[in-house]
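When the chains are written out, they are named A, B, C and D in that same order, and each has its own residue count from 1.
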Amino acid sequence: MSEPTATLLISCPDQKGLVATFANFIYSNGGNIIHADQHTDFEAGLFLTRIEWQLKDFQLSRDMIAPAFAAIAKPMQAVWQIHFSDTIPRLAIWVTKQEHCLLDLLWRWQGKELHADIPILMSNHNDLQSVAEQFGLDFCHIPINKNNKIQQEARQLEVLRNYRIDLVVLAKYMQILTPEFISQFPKVINIHHSFLPAFAGAKPYHRAYERGVKIIGATAHYVTADLDEGPIIEQDVVRVSHRDTVADLIRKGKDLERVVLARAVRLHLQNRVLVYGNRTVVFA
Amino acid sequence: MSEPTATLLISCPDQKGLVATFANFIYSNGGNIIHADQHTDFEAGLFLTRIEWQLKDFQLSRDMIAPAFAAIAKPMQAVWQIHFSDTIPRLAIWVTKQEHCLLDLLWRWQGKELHADIPILMSNHNDLQSVAEQFGLDFCHIPINKNNKIQQEARQLEVLRNYRIDLVVLAKYMQILTPEFISQFPKVINIHHSFLPAFAGAKPYHRAYERGVKIIGATAHYVTADLDEGPIIEQDVVRVSHRDTVADLIRKGKDLERVVLARAVRLHLQNRVLVYGNRTVVFA
Amino acid sequence: MSEPTATLLISCPDQKGLVATFANFIYSNGGNIIHADQHTDFEAGLFLTRIEWQLKDFQLSRDMIAPAFAAIAKPMQAVWQIHFSDTIPRLAIWVTKQEHCLLDLLWRWQGKELHADIPILMSNHNDLQSVAEQFGLDFCHIPINKNNKIQQEARQLEVLRNYRIDLVVLAKYMQILTPEFISQFPKVINIHHSFLPAFAGAKPYHRAYERGVKIIGATAHYVTADLDEGPIIEQDVVRVSHRDTVADLIRKGKDLERVVLARAVRLHLQNRVLVYGNRTVVFA
Amino acid sequence: MSEPTATLLISCPDQKGLVATFANFIYSNGGNIIHADQHTDFEAGLFLTRIEWQLKDFQLSRDMIAPAFAAIAKPMQAVWQIHFSDTIPRLAIWVTKQEHCLLDLLWRWQGKELHADIPILMSNHNDLQSVAEQFGLDFCHIPINKNNKIQQEARQLEVLRNYRIDLVVLAKYMQILTPEFISQFPKVINIHHSFLPAFAGAKPYHRAYERGVKIIGATAHYVTADLDEGPIIEQDVVRVSHRDTVADLIRKGKDLERVVLARAVRLHLQNRVLVYGNRTVVFA
């Protein structure tokens, strides 16, 4: 599958002929569909689809695809994005002091599991600078305190612009982003160390221990202005028992966080996640 | 979703324009697609799809759909089936002495989870006759021994014909069907009490215990001439420990068998399972 | 394991010699320990243990065991219970209108998975009276409304006394018990149809759907004065996707509820659950 | 829990008084038991236990514990081991070319999850030499081919002796050890990339794909003379679908292999695994 492909992610009001119309657009221009999946939310009256086709022999040049599709999409009131598989997304990883999610992402990136460029590691501390160096990433240290958050977020945004970052991955970044930041840079994936909505907020493992749950979880979600309330991309869980102390929950949870975040980032990078309302369709 | 729908299950050699062609067939006749999913097996060069659409306002009468679609399918060398949601499949459950899978299926059937008619319970013993009576099913007792299997399978086939059965569910039927039977009645789902291909054959829980596995499973599959080798529809597992005796494995396994068989039967009845080679695509 | 056994469940402040002291009590009286498990909560400074031994050849008569052990337990400030395996607990199942958990418990009871007497089914509606009849249980219909709850709980308590009930199982009983009721009859197990503490309270599946979670769960817990806040005995989960409607979550959830409640009841009946604070030790 | 502890792992023919006898040995010498767990295999007539106690204030010197306990164990025909928590086991990791399990173990080791010294990485290739250097391990390259296996195993054994290795971890070491090697160095843990006994032997992911299973797994086990037949320590699984190619199975499987091997090594290092026959008791 190394030949370049194009992927459309579309959501529009449900109506007859959508599958045919979109498929005809590809076929009539000589494209070969290699993945097409759709979902209808009957309650919301919404049709959501992902179509991926091979660009080889496609008769529209890349520049022409968006305007040509726009003409089709407009009467259908469709909201859509187009992605090309050889346009590599640029990703910034943000951390605080914990390294497990960071190392896991970088290891997968090295192993070609994550189809992205990762030019920079950003942190409010400098504990993990050496990891950046080890993997050949730039490191940007922007300390945050109560008084400077607004100014520092301005600096963070500037760095994201300078590096032409498409996606920020919060790999255990222990600061809350302001709604203002999110309104300016809305493509952010976070890993929360609980099975949301259980234990939203601080110290989820301590609270899970106190509540005496028999299963703990982790949740990867897009960040919105409401803390821990954004659209969920992926979750997973692991069984615990009375023998597990808080330290054990943290240890077991780390393994969950690593894999759940990695899966979510990978799904996003493959353009398999479509957000609508506060929900996601994952075309897995 | 109570209005009648039609569902096409299609497999054909991969080629350009398949999604468009099939979708156009529905759309040009005024159908509204409510589910469409496809899968391409690039290695096998095979395109597999499931399309379901509402029959309301569809301009082809039911009788005309098959011939009209055949004209489209033939040049594509497509193999296909069509199903109408208000043609209720007729199902025979076969058991020996254990009742857990049987009761579970009948309870789901009563609760409208299984969209089927179940006119008859068949068994090589008569232990479960009272269950048939309780749920209003006919009961057919056909004892099997080494010497009479061929004749009794002829009787079984006759009963299936008389009752116009579409699907046989082996809900812990502890006899092996002959290849001859399967060649005459190939629509049979079995539940095997292990995580196939581990512990194929007899006494899987005893052998799982002896092997000291930490997880046990159950497998629902279509029956083929090779015992326990048919296409797998669904599997699930549960964790066990050194504390679990063979009796515990059997008890825990029963819960697996019930739910795995029920899921497989439900998927089949919704025409979500497409067999190719010895594999299944499950359009779930 | 059909010979009668005795089981001690003990919790006491952690101190040296506890395992030896308790084991010596059994051994010096000629008992053969067949299960002993312990847990130390170092944070709480608490030692918790379950010891089960064969009564055959035990030199203390049953009447003498409690006073003899009390003399040992007192200086250790131990809180303890003793149970004999041939004293069959008496269980009342409470339901409203849904039958899936009820049927599941009764099947397991018929199949000897649950070591209990179940003389009575109690309900605030009479929809499930026929199930009681089918399984040979008495049926007690006590309707509840806003105005009569206190009086009706008095009637419920009277029935529990008359039937000498040891444990009430709320198998989808959709009424909240008052703190007064719980203070008078504290042995109640409930099944909540979510992965607590997520979606405590009403309509958990609807809220899970709205939140867009990728996994749903069920929780069996002891009932306390605080709704959905009691000690958790068992939880389990199942994966869901964007394709699952609220109706699908309810259907998948039913399978979870059945098995989670059954496991919890079984663990309780085997005296494997020890509550301390708002947590449980499950000696599984 | 940083104070030193001693741990006894004992198996002996089941008989009355075992718990009391062992606990008395600890208590009468002033030890404080912090973990005690036991299991009786009634079929095998075997009692198996793990007892861990704090050495602080224990009245026997370390040298004296083994002889003193031997006197107790002998009449009971007990087989036993003693371990001290501050005697750090020495571990050699063996690899071929794949790094995922290796990196995972080394991260956990750096993060103090694995209580061991890891002085050396050994391999039949030199692809992963740089990883050894990065983590400060010696690297030993011993190439193997059909003709030199016996001589090379002699060299491997010599290295193990020189480095005083207690445990070899095969972290994707793609060579079969000879029975002679195992008889001389029996403490070896392997990760097999399937849910054993399914797909024992070579290319399990390819065979899992061909069989069309819906779940794949990984298995950590002690190595015995019979390939893939040794006592299982830990297993885990992940769901797959028709959409997963062999490459996807391999990718998903890597995550399983990492975590399953890490759990098994950790359990072993904590002296929580007791082998009997071809089975393990895991005192988790």
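Methods note: a residue touches a chain if its C-beta (ideal position, glycine included) is under 8 Å from a C-beta of that chain, and two chains touch if they have at least 3 such contacts.
Computed from a predicted structure; not experimentally measured.
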{"item": "Mutual neighbours - chains that touch chain A and chain B alike", "value": "C, D"}
{"item": "Equivalent interface to A-B, taken from B-C, C-D or B-D so that over half of the residue contact pairs match", "value": "C-D"}
{"item": "Chain C and chain D, separation of their C-alpha mean positions in angstrom", "value": "37"}
{"item": "Centre-to-centre distance between chain C and chain A (centres being mean Cα positions), rounded to whole Å", "value": "42"}
{"item": "Contacts with 2+ other chains: residues of chain D", "value": "42, 243"}
{"item": "Overall pattern in which the protein chains touch one another (line/ring/star/complete/other)", "value": "complete"}
{"item": "Chain A residues within the chain D interface of the complex", "value": "100, 103, 107, 111, 113, 134, 243, 251, 255, 259, 284"}
{"item": "Interfacial residue positions of chain D with respect to chain C in the complex", "value": "1, 16-21, 23-24, 26-28, 30-38, 40, 42, 239"}
{"item": "Complex contacts: residues of chain B adjacent to chain D", "value": "39, 41-43, 195-199, 210-215, 217, 231-237, 241-243, 245, 278-282"}
